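Both complexes below contain chain A, partnered by chain B and then by chain C.
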Partner chain A sequence: MRPDGVAVMGSDVGARPQARPFTHDLERRQRLAGEILLSPAAVAIILTSVVPLLLAFYFSLTNYSLLAPPQWVGLANYQAILRDPVFWESLRNTLSFAVSQVGIGIVVVVLVAALFNGYLFGGPVMRTIVYLPQAASYVVVALVWNLLLDPAVGPINSALMAIDWGPIYFLSDPAWAMPSIVVMSMWRNLGYFMIIVLAALKSVPSDLLEAAKMDGANAVQRFWTISLPTIRGVVAFVAITWFLGALQMFTQSYVMTRGGPVNATRTIVYLMYDEAFTNLSIGKACAMAVMLFLLVVVLSLVLRFVLRPKREVS
Partner chain B sequence: MSIKNAKFSRRSVLKGAAAGAAGLAAGIYAPAILAQNKFLSIMVLGPDQKATEWMKGALAEFKAETGYDVELRQSDWGSAFQRLLTAAASGTMADVTMMGQVMTPALASRGAFLPIDERLAAWDDTDKFYPAMLQDGTYDGRSYALPVYADVRTAVYRSDMLEQVGVGADALPTSWDEFKALAIKLSKSEGGPLDAPFFSGQDTSVGLMQTFSQMLYQANGSFFDESGKSVLSSEPGMRALEYLVSFFAEGLANPNLVYQGTGPRPMVQGRAAMAYNSANESANAAQNAPEVQQYIVAGQPLSADAGGEPRTIAWINKFGIGANTADPDGAWALLSFIASKEQSAKVAELWGGLPARTDQADAPYLANVDRGFVEATQYAGALPTAPNLLQIQQQVNIAMQAAIRQSGGEAAILADLDRKIDEINAA
Partner chain C sequence: MTVATRRGRAAPRIDPKITASAAFHAIALVVTALYAVPMAYTVMVALTPHGEWIGAWPSRLEFSNFADAFLSADFLRFFINSAVVAITCTITQVVLSCAAGYALAMLPVRGRNLMLLLLVALLVVPPEVSLVPLFVMVSHVPLTGGNDILGNGGQGLLNTLPGVMVPHIVSALAIFLMRQFYISLPAELGDAARIDGASEFRIFFEIYTPLVKPAVAVVGVFAFQAAWNDFVWPLVVTYSNDMRTLQLGLTVFFQENSTQWPLLMAAVLAISVPIVVLFLLIQKFFQSGALSGALK
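Coming up: the complex of A and B.
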């Protein structure tokens, strides 16, 4: 207990047993107040995340069509999914989309952020322009790109045909469909992730950079040996969140190609949607959702391990 | 007075409670109150602005006749099935709902619509509908829907391009061989104007499956045998697929030419001169390139063999009564109003189809539609009314996409398709 009578938690435990009931009571009240304050958020999380997750797991073990009560089928949905070649094709599409988008995108994001950090003119205006696509919904962006890529009236093909290179059937040729969606998605996400990386670059201590400059390091060396290692954690965060988001790709595929041609752009979430609302197989769709959830958990753990900051290794 | 010092008298608390209870009761009993006020709802699919405006006028006319206020709900075709499904599951389906060809058995088999057999038996207009179209609204021996228009397919041509190779509108093909010969004539390799004269109907929906289905029927094939087993890999199915694939293999069609759903279709753009389509091709020209509309001509549906019987398919769209309606009699009044002689012709016109009623065969709007489309109706059959057709048609479309790109042998593709369809039906 302080001289002014205010109890100091844990400071005099055992020394003055007579103060314990009051301290204990204060702790209890503080804990209770904390629990009360946290409870709305906890209830919201339970209702919107935990309960749906548990329900999805339950439905994944049933045959359920929305219009009739669910019937217990055990692991039959999982067995059927694992036997379905379209599932594996969709998984491959999903992973190739996520890996190619994030793999190429992260390099572009870091480079663009580095350029904005010191070398590009009109920084704020340019940053706004690069960020703008993020302000539009995926549906709008996808519709705009549909027009851009149209083989007959799209400006990109008009330009290609002017130099005898076209038309390229960007969205209807299986070889081009997924790369086109990757480019569109990268364009849409570039600004958002670039802003995060740029903020990290701005926080790199200037004295370190100046010291390196005085030691004769050029701009590339300073970026490579000082800036990049310093922002490694942020880059890892961007890569992980971008990758996990990319695993849930649906809108681009739905709006631009409807999963085609010949399943070339059918992703796991698209397949899930088809199972639920075309095939009326909610149980199978939920089983896919559970599998995707597990995939996301495993991949996020792997990515965290692979991209962990070096100091944790030591 | 600060909030801290505010006091609530017992009376004000009671007043508040009474107001709350009244609000709650109003919420609970609102549907019943509205039903007493003769309230109905109708869901229409894929209307454009003109169709929406007309529908509002028609519903005002219905109100004047019956006193029913009708709420108009709308959806595009692309998300229609999902909306109907979730509405049926949550008990919020409209009293009267429009539905496409393959939605009818999918939803009727799951109890989403009320059977209307007794009402049809007592209705004077029932025998005015084309029997095949009326039959298309049945599932498992019971009627669930009234047809309002038909999207009848046939062979469609660009007459101006045909003239370039010396083929007049009076010498259009009637068989597969003639159709192929015309495509060869039109191809650049033979001195014609086009790289790929035949457009397969491939789009972001199931257009390719629709073209294949017509070829299947023209080869006297079907999707299922009498026991319900998929028989696409039988001889007619093989013949139809080989015929379809041959256009791509011989460079007469482009596998990557896909109509994205907006703007002019490939034939209207002048990138193809032959397709299997409906009056929709003409409507697309009217909307996107009016100067081209005069060149869109409908030929006779083809037969696989010279001298054989022409065959084609019609996609029939209908209205049914939602199973959750609180007012079945009112819903029937609205359904029979929309399917009446006057109103259904307008629906057919505005939705770009052909009438479903025999007494509308000479509807005024048909004067602007090539007679070939109307005459094709007599050769039209419907797709089977299978509850899983929505799912099956997607599988067929994907298989056709693979086939035209030569990624596998036709026999293997059809055998695999049969297996998948049987699995879907067995699930």
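Coming up: the complex of A and C.
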């Protein structure tokens, strides 16, 4: 039999004296096996995700510097943050990064996916090349772009200087820093989202497309009236995922501009990082984390509602 | 087919279909070039000998840049750290998500719906939200790094490799994905094995898990990528070079010697190749639609 099971489940089994021999025994064995299989992951999830989230809420209401135990201060951290102009600047930077990257990016992603969905000589190879950068880290892509955009030795500025347009100090000019990071991030992420949209395009019913072709619709019309409405849900999913991810931008700013010049690329997460690990103000950092959390939850609900698929296909 | 014959025959005027196809090819080539040129440029710089002008054709290909990059600035140490962290986290994530995913899909566990609800809810939580509290927790792990039994007094797991692993040992998304794969398999397989007297663990491990190997590969590669490419967490949890990972070590190296472009690009290539190769290897799983059930 299963002596180990009896030992662990002892109290539970005792609670049900009238056992139907076979089914009850089977269900008990299955339940025990399930608990043994599930509990390590459940404990790990609770410790690494649930508890930190709850602690973020708790610390956000305290004054905590790591050196002394947390002291309850109520909403003081939130009030201080909302009065801080740098917070609003960071929020604006974060939103403009997310809106411009995803707003432009989603159109490019759909167009490029449509391009690769048609017959192309060498299409799979080209698709793979576009897909590669997203496997590399943001650090790696940021470092490559640091070289590409370098005012002294970078190839982009060499080209601009050859036509007397340069040099442009892409990463040290406040007007150029954020657009540069937007372009670099879009460049990296394009391939990942393109693959998802491409998979959706492949699932568009071909009989519909054939029928439209018979009726004389050209490629653009077929794409606009059949393919795009069919993949609408996937495009919305991609836009939401991409947007919510972009709200957490930190690495690109840290590696490329250190949040500068003059806070031009400082994001919410960057501010939170500085607050926690430069100013050792855990309470304020956690208050920002909670605000980011609320922003993400609210925006994901709003976006899901705005971009919800129309109920045209059952 | 009519299209094929029409395209094959040399018509006196240019077929608009051919013009369109040529235009599509041209656009696709431009898009590809926007990716291929920077990559080729990176390779070229990585092979430029020390002291030569960056961006010009190198006079010879300096492959020793790769070795030099790894010999300078503790890169070998960073590489070992990254490998240890990424491989360990891949194993724990695969094991935990297979076990939990199977239990949630196939076994009558109490609190199953609550757990599923929790996993789905966690998918929306940005990892950066837990960054600071997790740092506090890691510094208070009892009986490590000079801490007492209550977790006070020392630095806990800060600046240790287990500390670097913490956020990647488990993933709600991975558990959820594995559950979706297991649940798409027929229950009859397990019932047949049960009648033959197989234990629940054998049914999990020998009957069902071999059927979800593609999913295991995908979850494993994602886990490896998340741990290998992570930057923010190693940045906050380590403070000395001997515990840094590649992504972090590379950034520190760049911020201290930003003009050593050939060495930097050689390092960039060396740390990206493993992950890119892994992605190319699992690409067929994406294309074969192995994920379609789970992404629905």
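Note that the second predicted complex is superposed on the first by the 265 of 314 C-alpha atoms of A that agree within 3 Å, B and C clash if a C-alpha of one lies under 4 Å from a C-alpha of the other, contacts with A are read in each partner's own complex, and residues count from 1 in each chain.
Basically, a residue touches a chain if its C-beta (ideal position, glycine included) is under 8 Å from a C-beta of that chain, and two chains touch if they have at least 3 such contacts.
Since this is a predicted model, take the numbers as computed values, not measurements.
A.B. asks: So in the superposed three-chain picture, is A:78 touching just chain B, just chain C, both, or none of them (first/second/both/neither)?
C.D. replies: It touches nothing on chain B or chain C.
A.B. asks: Applying the touch criterion given at the start, work out whether A:138 contacts chain B, chain C, both or neither, answering first, second, both or neither.
C.D. replies: second
A.B. asks: Is A:66 in contact with chain B, with chain C, with both, or with neither (first, second, both, neither)?
C.D. replies: both
A.B. asks: Hey, is it chain B or chain C that touches more of chain A?
C.D. replies: With both complexes superposed on chain A, more residues of chain A are touched by C.
A.B. asks: When the two structures are overlaid on chain A, which partner does A:192 contact: first (chain B), second (chain C), both, or neither?
C.D. replies: Neither: A:192 stays clear of chain B and chain C.
A.B. asks: Figure out whether A:279 sits in contact with chain B (first) or chain C (second), or with both, or with neither.
C.D. replies: Touch partner of A:279: chain B, not chain C.
A.B. asks: Figure out whether A:262 sits in contact with chain B (first) or chain C (second), or with both, or with neither.
C.D. replies: First partner only, chain B.
A.B. asks: For A:153, is the partner it touches chain B (first), chain C (second), both, or none of the two (neither)?
C.D. replies: So A:153 meets both chain B and chain C here.
A.B. asks: Overlap of the chain B and chain C footprints on chain A, residue-wise?
C.D. replies: Of chain A, residues 66, 146, 153, 277 contact chain B in one complex and chain C in the other.
A.B. asks: Would you mind writing out the residues of chain A in touch with chain C in their complex?
C.D. replies: Those residues of chain A that touch chain C are 26-27, 29-35, 37-38, 40-42, 44-45, 47-53, 55-56, 59, 66, 112, 115-116, 118-121, 123, 126, 128-133, 135-140, 143-144, 146-148, 153-155, 158, 187, 191, 195-196, 199, 219, 244, 247-248, 250-251, 254-255, 269, 272-273, 276-277, 282, 285-286, 289-290, 292-293, 296-297, 300.
A.B. asks: Quick one: in the complex, what on chain C touches chain A?
C.D. replies: 20-21, 24-25, 27-29, 31-32, 34-36, 38-39, 41-42, 45, 53-55, 92, 96-97, 99-100, 102-104, 106-110, 112, 115, 118-119, 122, 124-137, 139, 166-167, 169-170, 172, 175, 194, 199-201, 204, 225, 228-232, 235-236, 247-248, 250-251, 254, 258, 261, 264-265, 268, 271-272, 275-276, 278-280, 283, 286, 289, 292, 295
A.B. asks: Applying the document's contact rule, which stretches of chain A touch chain B when the two form their complex?
C.D. replies: Chain A residues touching chain B: 65-68, 146, 150-153, 169, 171-174, 257-258, 260-263, 274, 277-281.
A.B. asks: Residues of chain B touching chain A in their complex?
C.D. replies: It is residues 81-82, 85-86, 88-89, 106, 110-112, 202, 204-205, 256-258, 260, 263, 266, 269, 271, 388, 390-391, 394, 398, 401-402, 405, 407, 424, 427 of chain B that touch chain A.
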